[in-house]
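You will see two complexes here that share subunit A, one where it goes with subunit B and one where it goes with subunit C.
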Partner chain A sequence: MAASMRLLVRRVLRLSHRNINVAAAGGSGRSGCCSGSSSCRCFSDATGDRSTHFGFETVPETEKAKRVYKVFENVAQKYDVMNDAMSLGIHRVWKDMLLHAMHPQPGVRLLDVAGGTGDIAFRFLEYVQSQQERQKRRAARSTQTPSWQDISTNYSTEDKDGPQESKAVVCDINKEMLKVGKQKADSMGVSAGLSWVVGDAEELPFDDDQFDIYTIAFGIRNVTHIDQALQEALRVLKPGGRFMCLEFSKVTNPVLARLYDTYSFQMIPVLGEVIAGDWKSYQYLVESIRKFPDQEEFKGMIEDAGFYCVHYHNLTGGVVALHSGFKL
Partner chain B sequence: MLCGLYANDVIDSHNLPTAAVCVHQLHSSPGFTDSCYDGLYPGHIQTTPIQKALLAVGSGVAALQNPYRHDMVAVLGETTGHLALINLRDRMKNDPEGYTILTERPRIRLSTLDLSRMASLPDGSFGREYLRFLEDNHVTPDSRADVKFVDNEELAYVMQRYREVHDLLHTLLGMPTNMLGEVAVKWFEAAQTGLPMCALGAVLGPLRLNSSRLQSLFTSLGPWALQNGRRSRCILSIFYERRWEQNLEDLRQELNIEPPPVILSAANKRST
Partner chain C sequence: MFRNVLCSLVTETAGVHRCVSRAPVIQRLTAAAASSASSAPFRSFSDVKDEVQPPFDASLLEFLVCPLSKKPLRYEAKTNELINEELGIAYPIVGGIPNMIPQEARLIQKDTDTSTTPTQG
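Moving on, here comes the complex of A and B:
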């Protein structure tokens, strides 16, 4: 079939050209920056240094990662405060909805890419813990009259996390963001089942078939080659594993879209300047939202990477979209 | 050229220069990024009137909550000072020395100051006293924020000059950098420049002083600062960089500034 042939060709080419900056061969049809977006300024097809977008600016691909790194390095300390201020706290609802859609059971391994300050990982651990308690309560209700043996075994296993320990791995390319996340974990007293790893979404430092769930929340639009990130996601997931992506997307309602645009471009950089002292980083963030493909296009990209049963769900009228796919 | 850098390529005829290209889609976004500056001057950020208003309010609140956020005080000054800056610029233009400053655009930075030469100047000279002020109060002229939100290149320079002259003003007025000294300088600046940010600082600064200092401010320092602010020559019109050898008292007389009524020492820095 054409799709799988294309995938195979692309994988072979990617493996052979992995460490060369410029893809001299024109075989790899679509790259991250030319992913069908008609407004994308991708000047070269196969030859020459490739350029991509950085917000509304056009930069060489090699530059983009560095500049994105700089942006997040600058905003790391105030990242959470700014999220609350910019979204009026609604980002918490979005992340909670991601967890509800995920509905993780105890024993599941999560990889949160671009997880930076750990919001998804903390919620995951909390959810799994409450699931575990629920299961225990259910088990307790079903054994109405426990024997002394049962009671004593219960007491001895209470302190352990149980045989099904859930693990969350937070992976981020930016050390500052991870630092902030670790500080949060320390102050919350959360440490069991949590690890912090520095890594690039386009080249994850994990073996194949490792994780049950892969999430990336508000991070994938900052990746230079989105298709590579998707392929890496496919690789590290176990068969049956789920890919979930929370990202800003296109607002369908025109009235809401106007309001949203005005708010984004007038208010958010001002908030960035006043709260974080950094106008330009937040200008980049609102511009990068406009350059990201819309819901249907992104769904197509996820399918191209090899995921099945890809669906998306709009939150807040399309301001945010939750995409989900499975590795079979 | 690029050809040498890559293995087997031909750069075709797109007009891609070697430096980063700043191509902008015309969009509702008013912002520019800084790799090759697109505003009117390096560091300039274009803003709409709504954004300026939001910035003024936001920075005012932020500065009140945390007076150590000098960048917020700076932003407040830039967003509210348009008329005052025009007034200042016109005063500078009408003064021959001020006109020279507007054309030559000198900047006061550690890199442009010849510190060893200034240290060798006699006591009582402007340069020597300025250096002494910097040392006693542990300040440096390089800590001034760049101007970002003024939409006229000349006015942006006037604003920048005002910021850089602030330390020199401390020396001229003989005020240290503790709270009382800063408030006194703010009163002088408010009377001189008419910048709303100075006026705001002048009104709110005294709220953080204890009663004995408040008394000193209202009875002697304050009236002195206001009077001299009104009658002195425009302090932005002085080419300080060429007057390091001048005696400080002479310079004060030339500018029509009386010596301070109370001698404040830098040792009072910690206790407000």
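Moving on, here comes the complex of A and C:
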């Protein structure tokens, strides 16, 4: 059953690859090169598996997704607790900084990929709500002495949030992480404007030009084909939409780098074993950070995917980098 | 309601067994009533839990498409799935969350329902 499903998938993919090749053939030499490499990839998918890294291990590409899935399935329940323990709570600051850089206005649509337990989505909804309240207060202040008629119309328009409604969609490949996120949302009583979808970052189940903002926080290093994820991000964003990525990166200062390495390899797997009962998953997490490209290289990858005005900010001395690009 | 039944039970048995000292009977009855009273709410809770499934948010259908063909989907309320007519596949919705992974979709072209087991695809 799975085999016939796979054949169907490959057939559709091959058709789409062929269309891309035909379109690119008329183009410049560079795109011809790209079409050549994509057809090569097509062939290699059919015949033999290429290998990639899983932490410091080398595994076939098809293996990686499965193993990453297992890692996050195991850590899902203790994910938030472990984040606080490993980063000493600093991950909250990183995520808040992402939101401040984003500065979303009421009415925008957010897609949070690899959003798992929903940290970014919750912060987004809170931020937008406080923005809305600020706007209302500003409007109220400008009309200093409203008539009773004005006051009554203000009350009636406050209820309907229609034109100003922001929506956050959390997409993750892992059902367990989404389940934990949904439970958090239910316990916090947040449900308006929040949706959960199980989906693959390399093959997003969303239509073109749909989202104003695409975020992926600490998730893109776990994707097997980062360039495909970037291309999908470009596809689902509206023109003018923003791509934002928070990810662990290379520490610039050598002293800090030594400390960070020692902390990563000595402390974090131990914390993982003590708190979550899982050494190997956290070993994978710290190793995958080392295998991820550095700030400049990742910026190049984002530009190659077709984003403009790509910039990055180092947070905590380069431990985390916030990359941002626009679809124009 | 149970309390009324319990009261009538107690008074009836008390009436019948006038010779027997009431204390142990009443204790036994209250214990039995307590256990049955505590189990009754559980029974009703479990019934409620089975029926209530978080509803699927149909507003998602505005921009949710099949990841393979990028074509719009149709929501089938009976089987709680999202159907792509063109490719003949159905994506399940579990706990109100649609599962849009192609390997987890079900083929519906044939008459025999062949459902996929979520294998490591």
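Operating definition for what follows: the second predicted complex is superposed on the first by the 278 of 328 C-alpha atoms of A that agree within 3 Å, B and C clash if a C-alpha of one lies under 4 Å from a C-alpha of the other, contacts with A are read in each partner's own complex, and residues count from 1 in each chain.
Basically, a residue touches a chain if its C-beta (ideal position, glycine included) is under 8 Å from a C-beta of that chain, and two chains touch if they have at least 3 such contacts.
What you are looking at is a predicted structure, and each value in this text was computed from that prediction instead of being measured.
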Touching partner for A:136 - first (subunit B), second (subunit C), both, neither: neither
Contacts of A:184 with subunit B and subunit C, given as first, second, both or neither: neither
Subunit B versus subunit C as contact partner of A:238, first or second or both or neither: neither
Partner chain(s) touched by A:66 [first = subunit B, second = subunit C, both, neither]: second
First (subunit B), second (subunit C), both or neither touched by A:78: neither
Subunit A residues touched by each partner, larger count belonging to subunit B or subunit C: B
Contact residues common to both interfaces of subunit A (with subunit B and with subunit C): none
Complex interface listing, subunit A residues touching subunit C: 1-2, 4-6, 8-9, 12, 66, 169, 173, 175, 178-179, 182, 195-200, 203-208, 210-211
Touching residues (chain side subunit B, partner subunit A) in the complex: 2, 6-12, 14, 16, 20-25, 27-31, 33-35, 45, 48, 50-51, 54-55, 58-59, 61-62, 69, 71-72, 75, 148
Of all residues in subunit C, those that touch subunit A in their complex: 57, 59-60, 63-70, 72, 87, 89, 94-105, 107, 114-117, 119-121
Residue numbers on subunit A that touch subunit B, as the complex places them: 20-22, 24, 39, 41, 43-44, 47-49, 51, 54-60, 63, 261-262, 265-267, 269-271, 273-275, 277, 279-280, 283-284, 286-287, 290
